[in-house]
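You will see two complexes here that share chain A, one where it goes with chain B and one where it goes with chain C.
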Partner chain A sequence: MSQELSIEELEKRFQEKIDAEIKIEPNDWMPDDYRKTLIRQISQHAHSEIVGMLPEGNWITRAPSLRRKAVLLAKVQDEAGHGLYLYSAAETLGADREETIDDLHSGKAKYSSIFNYPTLSWADMGTIGWLVDGAAIMNQVPLCRCSYGPYARAMVRVCKEESFHQRQGFEIVTKLAQGTPEQKEMAQDSLNRWWWPSLMMFGPSDADSQHTAQSMKWKIKRNTNDDLRQQFVDITVPQAELIGLTIPDPDLKWNEERQSYDFGEINWDEFNQVIRGNGPCNKKRIEDRRNAKENGKWVREAALAHAEKRKMKKAV
Partner chain B sequence: MEEKKALFEYLLRLGDDSLILGQRLSEWCGHGPILEEDIAMTNIALDLIGQATNLFEYASSLGVDKRSADELAFVRYEKDYRNLLLVEQENTDFGYTLARQFLFDAFRKPFFEALSQSSDQQLAAIAEKSLKETKYHLQHSSEWMIRLGDGTDESHERIQQAVNQLWAYTEEIFEQDQIDQQLIQAGIAVDLSVIRASWTKQVQAVFSEAGIDLPQNTWQQKGGRQGKHTEHMGYLLAEMQFMQRAYPQMEW
Partner chain C sequence: MSQAEWPLFEVFIRSKNGLNHKHVGSLRAADEEMAIQNARDVYTRRSEGVSIWVVQSSLITASDPQDADALFEPADSKIYRHPTFYDVPDGISHM
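Let's turn to the complex of A and B:
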């Protein structure tokens, strides 16, 4: 039937479906740009999960107790799992997993810039859970209602696990903030380093965001970057106060009129530098991922060769 | 030796095997050859750390001294760790990691089967839980031994090389001393000479399917159970104990 309809008509029907909150499924007609936008966003998201394993993986071997080691292992394993089903969601749109990963390695595809910052102390395991996963949840909860069915469904599961990650992170930081002076200092130092990069996770300011308007019309995105950022600040500031840590922003102030916090200007130069590949760990992160793929080549080849031989044997 | 002290020592040996191998495997996190294997290795590391936790908590509860499970895991000196030399060997590559895992899993499965019959109920319960996990670990490592042995010329050569190198640490698995004897008589510990045949059978079966030759070298290294480790152990502990050493006596 679809061959008989003009592109304009197809687009009109597509938008009507979106407006009526009917999910788009893999075999439905969709505009090329909708498909491209989703592939870009979902694979970026998958890459972020996979690259995000590295800064936390950095502390598994040094976790300070058996329980913390086990929880951190489980958390990083969850992230690998999120990566897997997000790559699968991207595959429903025709994106090949290996090609997508190659785009990450060549620098063509992006991932969340936050993972280009180094994890320098145990407290960073807490702060990442508390702030980074906290910010990720704010970004991701609306994605559970995303117009594209497979992505929306994947996000339901991702969000459940992320909210557990956020709580365990806050628990680590709380424990430190209530601990010895050295532990409290470790927690404050960590907050100082991660606060601003966490605010940058919501992306450029609405005025400068390339994709926001179209993505909102397609209901891939439900809130603007600045709205989500404000929500994050409003939720996080009282949490810091509760455990006696100070947000490193001299301009942070409660605004009675807006019933919201005013906060200082984000350093957009730094944001742009990190996106361009000049953050503290960009090169290391990509190099680690490339090495993993390169060093594992013989293993993947062996698995394929063995599967082939087995098939041949069965055929005989 | 007082039976409680012998049991304490026995628990440390078992706990250290799990802890040190779990520590080694967790080094892979984020660097696996495929995402599915990253998940699998992390999962196995998680099981091993869980086993170590159960064993150290039990050891700590015996009241032989005042150390907590975490203190037992993190603040002993190198010579006080009792793990097999096999489990502290470096990851080197995926082949070495899998060969090490397979040689250990092939031992751990019959070991936990036997230990689940222990007259010590707590130990039997830990063994039963660990056995469920170990069955999966052994299946996973056996399948990979076969894939790598049978796969390509390169993978065959690499896995054979790994097996040849690690073979020197296999005899130690079945070493027994007075502590073992005492606890075997009490019906608590596993007689390793009894389960050895099961290990050999599993190893031979998988090697045969994988086309891996059984190493002929009789050169063997021992000493882990007495705290005489290989040079790798110090670095592993330096990393694992970093927080406890840099910030002593704190809660995390």
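Let's turn to the complex of A and C:
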């Protein structure tokens, strides 16, 4: 029936569904650009989860106690899981999984800029959980209401698991902040290094964000980058105060009128440099991912060959 | 690119006895056995299930959203199939 409808009519009906908060499911008609936007966003989100395992993997063997080690392992395993939910969601849109992964490895696809910073001390495991996962939650909670069903469902699952990540991180930072002067110093140094990159996680400011307007109309996105960034600052500043750490921003000030914090200018040059591949660890991260795929190739092939062989035996 | 990808499986989880298996997502695995193991790791890390079904996605036949009107519209017009369609006099209980 709908083959007879014009593109304009199909687009109109599509937007009416979106406006009525009816979710779009994989086989429903959708504009090409909606599909493309989602494939780009979901696969980048998946890549971020997978690359995000690397800075933390760096500390698994050096966790200070068995408890911390077990927790960190569980967190990194969750991240692998999150990547898998998301790659599956991208596949429902017709994206080829191996191609999306190859796009990451060739540098064509992006991932969150934050994972291009190094994890120099144990305190960074705390700060990443507290700030990086905190910022991720802020971004992901509204995505649970995204108009595309499989993405929204994946996000519900991710958000449930993410709050454990933030709490374990905050626990690490709190313990260090209450520890010896050296431990507190370590926590403060870590906050100093991660604060600004965490603010950059929300993406370019609204004025420079090329995708925001259309994504909001399609209800892929529910809040602008600047709104979410402000919410994050407002929530996080009192948390830092409570554990006696200082946010590294001399311009940070409570604005009574706005009932919100004013904060300093983000270094967008740094952000753009990291996005373009010139951050401290970009090359290392991609190299590690490429090696993982290459070195695991024989295992994947062997598993498939084994499965084929067993199928043949059964058939006899 | 690797020449052959592992097939895609759909995963269904029974969260506890007494409830249906419910679709939770998909994953790739070399065979059914590995699909069950992977589903355990990907979808039940926090005691979400007591039983897992996996089936190759390519074996599922789905209705076409374009046929939704033809398939489901007839049910919309048969409101007499619902108890609320009928008048029950005041004072009648247990009905």
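We adopt the following convention: the second predicted complex is superposed on the first by the 316 of 316 C-alpha atoms of A that agree within 3 Å, B and C clash if a C-alpha of one lies under 4 Å from a C-alpha of the other, contacts with A are read in each partner's own complex, and residues count from 1 in each chain.
The rule is simple: a contact is a pair of C-beta atoms (placed from the backbone, for glycine too) under 8 Å apart; a residue touches a chain by one contact, two chains touch by 3 or more.
Computed from a predicted model, the values in this text were never measured in an experiment.
Asker: Just to be sure I read the superposition right, which of the two partners does A:29 touch: chain B = first, chain C = second, or both, or neither?
Answerer: Touch partner of A:29: chain C, not chain B.
Asker: In the superposed model, does chain B or chain C contact more residues of chain A?
Answerer: B
Asker: Under the stated touch criterion, which partner chain does A:91 make contact with: chain B (first), chain C (second), both, or neither?
Answerer: Touch partner of A:91: chain C, not chain B.
Asker: Of the two partner chains, chain B (first) and chain C (second), which one does A:77 touch, if any: first, second, both, or neither?
Answerer: both
Asker: Contact-wise, after the overlay, does A:179 reach chain B, chain C, both or neither (first, second, both, neither)?
Answerer: Only chain B is touched by A:179; chain C is not.
Asker: Quick one: classify A:306 as touching chain B (first), chain C (second), both or neither.
Answerer: both
Asker: Once the shared chain is lined up, is A:235 touching chain B (first), chain C (second), both, or neither of them?
Answerer: It touches nothing on chain B or chain C.
Asker: Just to be sure I read the superposition right, which of the two partners does A:298 touch: chain B = first, chain C = second, or both, or neither?
Answerer: It touches chain B, and chain C stays clear.
Asker: Contacts for A:5 in the overlay, against chain B (first) and chain C (second): which applies, first, second, both or neither?
Answerer: Neither partner.
Asker: Touching A:60, do we find chain B (first), chain C (second), both, or neither?
Answerer: first
Asker: If you lay the two complexes on top of each other, which residues of chain A touch chain B in one and chain C in the other?
Answerer: Common to the two interfaces on chain A: residues 74, 77, 81, 84, 297, 300-301, 303-304, 306.
Asker: Quick one: in the complex, what on chain A touches chain B?
Answerer: The touching residues are 50, 53-54, 57, 60-70, 73-74, 76-77, 80-81, 83-84, 87, 122, 172, 175, 179-180, 182-183, 288, 291-293, 295-306, 309.
Asker: In the complex, go through chain B and note every residue touching chain A.
Answerer: Chain B residues touching chain A: 23, 26-27, 29-39, 42-43, 45-46, 49-50, 52-53, 56, 69-70, 73-74, 93-95, 146-148, 150-152, 154-155, 158, 239-240, 242-244, 247, 250-252.
Asker: Which residues of chain C touch chain A once you look at their complex with the stated criterion?
Answerer: Listed in rising order, the residues are 1-2, 4-6, 8, 25-28, 30-31, 34, 41-42, 45-46, 62, 64-66, 69.
Asker: Which chain A residues qualify as touching chain C in the complex?
Answerer: So the residues of chain A in touch with chain C come to 1-2, 25, 27-29, 74, 77-78, 81, 84-85, 88, 91-92, 97-99, 102, 150, 153-154, 157, 161, 297, 300-301, 303-304, 306-307, 310-311.
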